[in-house]
Amino acid sequence: MTQDTPPPLAQAIQDQPADVVDPATSEVKMRARDVSIYYGTKKAIDAVSVDVFTEYVTAFIGPSGCGKSTFLRALNRMNDTIPSARVEGTIELDGEDIYASGMDVVQLRARVGMVFQKPNPFPKSIYENIAYGPRIHGLAEGKDELDAIVEKSLRRAGLWEEVKDRLQDSGTALSGGQQQRLCIARAIAVDPEVILMDEPCSALDPIATAKIEELIGDLRGRYAIVIVTHSMQQAARVSQRTAFFHLGHLVEYGHTEDIFTNPREQRTQDYITGRYG
Amino acid sequence: MTQDTPPPLAQAIQDQPADVVDPATSEVKMRARDVSIYYGTKKAIDAVSVDVFTEYVTAFIGPSGCGKSTFLRALNRMNDTIPSARVEGTIELDGEDIYASGMDVVQLRARVGMVFQKPNPFPKSIYENIAYGPRIHGLAEGKDELDAIVEKSLRRAGLWEEVKDRLQDSGTALSGGQQQRLCIARAIAVDPEVILMDEPCSALDPIATAKIEELIGDLRGRYAIVIVTHSMQQAARVSQRTAFFHLGHLVEYGHTEDIFTNPREQRTQDYITGRYG
Amino acid sequence: SGSPGSTGGDSRDAIRAVGSSTVYPFARRVSEVFTSEYPDFASPVIESTGTGGGISLFCSGIGPSTPDIAHASRRMKDSEFADCQANGVTDIAEIQVGMDGIAIASAKGGITMDLTPEQLYRALAANPYGEAQTTNTWNDVDPSLPNLPILVYGPPTTSGTRDAFEELIMLAGCESNAAFAATEEADEDAYETTCTELRSDGKYVDQGEQDNLIVQKIEGNENAIGVFGYSYLEENADRLQGLHINGVEPTYDNIASFAYPGARPLYIYVKKEHIGIIPGLQEFLSTWVASWGEDGVLAQIGLVTNRGDVMAAQTSAVTDLPSLTAQDLQ
Amino acid sequence: MSPVIPLLLALGLGLAGWLVARARAWTFKRAAPHGRIAALPQYHAWYAALWIAVPLLLFFLLWDYVSGQLIMAHVLASPEAAALPQSGLRRDTILNEAFSIASGTSNRVLNEESVALAEPFRQAVSRYQLIGIAIGLVIAGAAAAWAFLRLKPDFAARTKVERLVLAALLLASLVAILTTLGIFVTLVFETVRFFGMISPIDFLFGTHWNPDPMGNAANPDPSRYGAIPLFWGTLFIGAIIAMIVAIPLGMMSAIYLTQYARPATRKWIKPALEVLAGVPTVVYGYFAALTVAPAIRDMALAIGVSNPSSESALAAGLVMGVMIIPFVSSMADDSIAAVPQAMRDGSLAMGATANETIRRVLVPAALPGIVGGVMLAVSRAIGETMIVVMAASTAATLSANPLDSMTTVTVQIVALLTGEGSFDHPATLAAFALGFVLFLVTLALNFIALRVVKRFREAYE
Amino acid sequence: MSDLVHPTRTPAFEARMKKRYAAERRFKAMGLSAVVFSIAVLLFLLVTMTLNGVGGFQRAVMSVPIDFPAMGLSAPAETEDQGAAIRALQGQGLQEVVQFSADEALGEAGAAQINPEAWRQVGEAIVNDPTILQRQATFALPASEKLASALRGDGQTELQPLAQDLAERGLLERRFDTGFLTRADATDPQMVGIWGALKGSILTMIVTLLLAFPIGVLAALYLEEYAPKNRWTDVIEVSINNLAAVPSIIFGLLGLAVFLTLFPSMRSAPLIGGMTLALMTMPVIVISGRNAIKAVPPSIRDGALAVGASPVQVVFHHVLPLALPGILTGTIIGMARALGETAPLLLIGMRAFVATPPDGFTDNATVLPMQIFLWSDEIDRGFVERTSAAIIVLLIFLLLMNGVAIYLRNRFEKKW
């Protein structure tokens, strides 16, 4: 091995802009305590406690099937759609238990947006894709306001320039990377506080991936972002906090830098050096 | 980064037994020249030339969708089953063009066996799974000979001890790793010359993966083996030749050691250091 | 919200007539004439259910949900009349619309025989004279008959034609054996059964209510004979031939004169309570009268018309509508 | 009262409520911080509209009945009604007629008395119509008041409206249960009556079928109600002859279409087969009776069978088999398609030919699905009615000769029930008992088949 | 290694290959013949029906010139409706006029074979245009069925020379019978039409569609999107699956025992027929609806839920619109099945003879397949052609419906 090939993960972290590597203390946006999640009788997540901070990107990594997606979906109660799924423990958003009986799930999901692994634009026009959320939540009065929201969201998602002339085209006619950005724009349009992303780049090519990663960097200051990824490199590149899951357990959680350069646990070490996975 | 975390890929290569790292010159088993493959009008592989050597394991790596599987399936004309697929250029097996009109596909596939990403045992008994190939090709006369073939194949695949007492159980009742070894045994049973494996471990857990990798090491001396993997670590661990694909192009092809420690191309360098993928 | 609540009964516009398949083609024809002559009235609904089924529907009560007219190819039975009375159908008018004969026929060019009721009885009874049925060919019945398998297509038990066949042919054939007739005293029911029960081993084939089908069946099989109303024979004179009974051919005249053993009258029964309630019922009856004459439309399709005095009586009956009484049926 | 007025009233008031409520919700929204209220204005609007329209419609439904009684009472109290006959059909008819004259639906006068009565009817109708509308307005007002009092910025109108939508959906799915229950109760009820007259033993195991609808209902002869010949005929035609035709042809068609045919061919042939499945059974029946049966008879004559039946089991069975081909082929097609591509690839990669792959891997793997499909096909064949009504016989013979005439359960149901209306005769009730047996058998077949197919699908999911 | 002879490269292997390829060819040929056979049967059926049925759209007519001025008929009063007007003409001896003119033109033997109802056609012509009485007009009057069959070459032999003679003189010919599509059932094949049955079918189908479609779609939505997994929904699910497979005649038993007990005076009414068929069609719609709904990828639901749509919004904004083509396809197929259905209607009295088309949902009616069934039982040869013609009409409707369904399916088949 020659000297000019640096250890990849450390390199990726060093590539992050200096000011974000150790950000000033930031407030806790979501707090999960002793969360266990079952599918029927099968425990997919076992007593996990994690904090999600505003202005940070938190990455969940771990081998396939370890429960990253399951945990992520618990954060905006998308698990409710799986009949067999059951959540124990508490998850709070701004100190409010999201599994409390009084919680309005619809409103929760508007506050905690989500972007999925496979881009899933609605088979409607680009405009309608973005306008849908504001419309059902009544966020805009009149067409002008709606237009403004659509433009702002697309701009933030870095898609405006590419699509501004064809807002009436179907969202499904875009390329994969564009679709994923459209989905991010759609999530932004309802002004969420947290954005959850489940392997948002795994269906994308490297160039589109780079664009999304850049976008995540841009969005970071505004929202609390949680990203699931199976690429350690990606976690290292975009996140400031990393949680490493294994077989439903949270093995280690901390500053991304520490996790990748100085893991406390042997399992973490084995995983990031590629002994398995 | 502490000193006791070695650069992972180099480490993996160093873990290979010394005698195989630079094998003696070996004959070319399959030779692909300027192969382009289209799905309809879409070009999935662009002018790729690769040699596959007997006694070597050749690894195809590259980001998702770059055409690894497509190219691999061209090597035993499994692409024929996809109506839209079309192959240009020449691929030779022992100097004979496998796309020549006189080529007998059935025989070709008997000579170039294949193992798939997801283990796909037939829903029959373990015995019947192995016996299937010899039976249709008429390779065994009488039950005894067939029994012998079944045993030999299972032994070579390192599965005999685990299943010898339940040969009549269904092949689908085995664990994932066992199923994959069963599929390898099934491929071996017709005495192929080349074995193609498309991400044979991606559906397996780390322990099963380790077993398969070990098995590949054992089989190496006997067959020309081509393995597609998306894990660079795995490629480094098991192969002696590596081909790196990107967007349908063969970016770099050479000794595994060189590729991982001293790549010629920037794209290869970027990929193995985790800048994308 | 179409009708005021408490009248309970809903109304019906169209005349509803059910019953005999023998009368069916005539009734249908009359209905057709009625429809074109009185376009203001709804077109009558004519269903062929067999005489028995028709009368039982007819007798199930009065009101718009029950039929107005029952067609019968035999006279109403006492039991049926009693049933009617019990269900409040007390005012019934009986009109004899014409005559029909039980025709026994084969396809043109098919089997020909001159049969007697006795031969038919022995060939078709389930247990002729109380003994097991053993005949397979006509020849088994009587050496003078051809050596051909017995195969008779005929109407089912609901049918008036069947009833008439049992009454006019089978019973007659049965009674011709004096020795057996003597057993009637002992057990009337058993006697009746033995005399009228038809065999069910596939030699006599029940053809459902569709007399047409019987015609089709015997047309397709030259060894088969069929039992049905004369009108069907007449209608299909080009492809069927009537078999003689006691040497008499089933013809218009022979039936009208009762020379042919299988002759019988056809009736329709009308609910008098429904006149003035079901629009057009009276006019429909008048249409019957207009159609049943010797040069009327019904004669053209094979109705054997009533003879002079009967005709006159029936024509006045349609206007007078005398109520049927139990005595009339004796 | 004409149904148009209440309908218009309910819709109109509902619309008014909708508009007003929406306007009101907008004022909340404008006043609310960040313009956020618990539900969109339009949900408030729907909430109010439904609260107004639904009770109003329900009231009018009730009023239709009540006012009918009141109108009648009014008319009967009128002096003109004195001339009415005391009771009976004529009285009803005159009233009906007067009513239709009054409401203008008909001018035909069969009974003169009705003309005089039309006027009191007219009066009563308009009076009660006015009263109905007045009460309706009060109800609508009350409902509107209730609804509007609840409209608040934090009122979860959407949840309420959606709950109603869900209730409507639930009701719709209950129709299925009601139907099943209806079928079951109908059949069980009549069957129990039948078994009160004829013992189930005689019915299920007797070998002589010749019910006598005109016989004495009180004292039927149980020996005439042995249904074995019907069951046999049904099985022989539907499960044996038809399947001998349909299974091989259907299977081979499916195999050819899925494994061999080029996509272009497949694109044309599949719809053609579907057309074969879409031909009405009455057409098949006609075809069987008119074309196939005579041909078979002629053929039988030609090979020296004496006196062959012109309604042979063979004719009905063959045509039924043709009808079932597309059914079997689409089930087989589905089952084979459900076998994962990996199986096929696995076999082909071993160097198997297409035919070896199909026979040794695909078909065995798809077998549970195919067997399930065949069971469904059998259940369909034995329930098929028109083909056998038109092409099979009514004669209940117990024979294994396909050239003999046979009858089936469905033929007998039709034969026993068409026209004959007396519901208390065992011969009529026998039709229900037969229907019940048919229902149970097809139910069992389907139940098992669906299970088998489902388990098979799950195995590959 | 390479010097070892691989068992797949021996001459014995090559020899076996020959056999294997032969088996392959045989197998493929078997498959092909199965397909060809099925298609051939379909074609044979269609061709037979068409050949038989083409004649069914025609009837034998005789040209009869009537010299009205010479007959001294007076026009009926304008105020009278058609029935009364024709009765008035009948009173003036229209029947005799027609008979006389026919005698003149066709000779007595020929005139005797004028259809007995033919004079009504003349009457209608007069009512429609009283000025016709001022001139001579030639009518194409339907012949009797006997003559019609003689013209076809079957039927009573004694009439055949007459038919031939009249035909040669151009007085008797077979013409396209527009009335076939506008008249209702009759006893004489020369006079029948299918409009009555067709209208009955249309009325019945409207009832079926109005009931089965909304209930089916709503039930499908409930089961696929909202139903909790519990015993109750299992019961619903099982009953729907079984209903789809219950033999149609059982629905007839249900209609007979339930609907006709509740509404005894509605025997033979399209309303009851439609209700019965709706129960039969509903499960078909539910099942195809569920499949269409299931085919909408969950990722779209997830996407909508994740921006805060409520489950009802998800369904009505996204799922239903996307599933609609599939639901419609299933509905059309279900309706096509209902349109061709006969057996259950047999049991609820829709097999009666009705000489006029129904006027509404509660009128007595029959339906097209039932008309086919009834005519198929008629003995007159004339009905064979008429039956086949009715079958053609029915098949055209069904092919159209199937065609639309297939088109919809192909057009909207989505690869998500």
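Per-chain numbering from 1; labels A, B, C, D and E assigned in written order.
Going forward, contacts are C-beta pairs under 8 Å (C-beta built on N, C-alpha and C of every residue); 3 or more make two chains touch, one makes a residue touch a chain.
For clarity, every value in this text was computed on a predicted model and none was experimentally measured.
Between chain C and chain D, the least number of touching-chain steps is 1. Rotation angle, chain A onto chain B, C-alpha superposition: 175 degrees, expressed as a multiple of 5.
The leading chain pair by number of C-beta pairs in contact is D-E.
In this view the innermost chain, defined by its CA centroid being closest to the centroid of all protein CA atoms, is D.
Taking each chain's centre as the average of its CA atoms, chain D and chain E sit 19 Å apart.
Mean C-alpha positions place chain A and chain B at a centre distance of 35 Å.
Averaged Cα coordinates give chain B a centre that lies 60 Å from the centre of chain E.
Chain centres here are Cα averages; for chain A and chain D they lie 50 Å apart. For chain A, the set of residues that touch two or more other chains comprises 136-137. Counting partner chains per residue, chain E has residues 8, 20, 310, 351 touching two or more of them. Counting only residues that touch two or more partner chains, chain C has 11, 40, 47. Contact between chains, per the stated criterion, is found for A-B, A-D, A-E, B-D, B-E, C-D, C-E, D-E. Chain contact summary for the complex, chain E toward chain A: residues 228-229, 297, 299-310, 313, 317-318, 322, 414. Touching chain C in their complex are the following residues of chain D: 1-3, 64-65, 68-69, 71-73, 75, 88-93, 95-97, 99, 105, 108, 110-111, 121, 208, 210, 212-215, 294, 297, 306-307, 310-311, 393-395, 397, 405, 415, 418-422. Partner chain A is touched in their complex by these residues of chain D: 29, 35-37, 40-41, 156. On the side of chain E, the complex with chain D involves touching residues 8, 20-21, 23-24, 27-28, 30-35, 37-39, 41-42, 45, 48-49, 214-219, 221-223, 226-227, 235-236, 238-243, 245-254, 256-258, 279, 282-283, 286, 310-312, 333, 336-337, 339-343, 346-347, 351, 369-370, 372-373, 376, 384, 387, 391, 394-395, 398-399, 401-402, 406.
Chain contact summary for the complex, chain B toward chain D: residues 76, 78, 81, 83, 106-110, 113-114, 116, 118, 120-124, 132-133, 136-137, 183, 186-187, 190.
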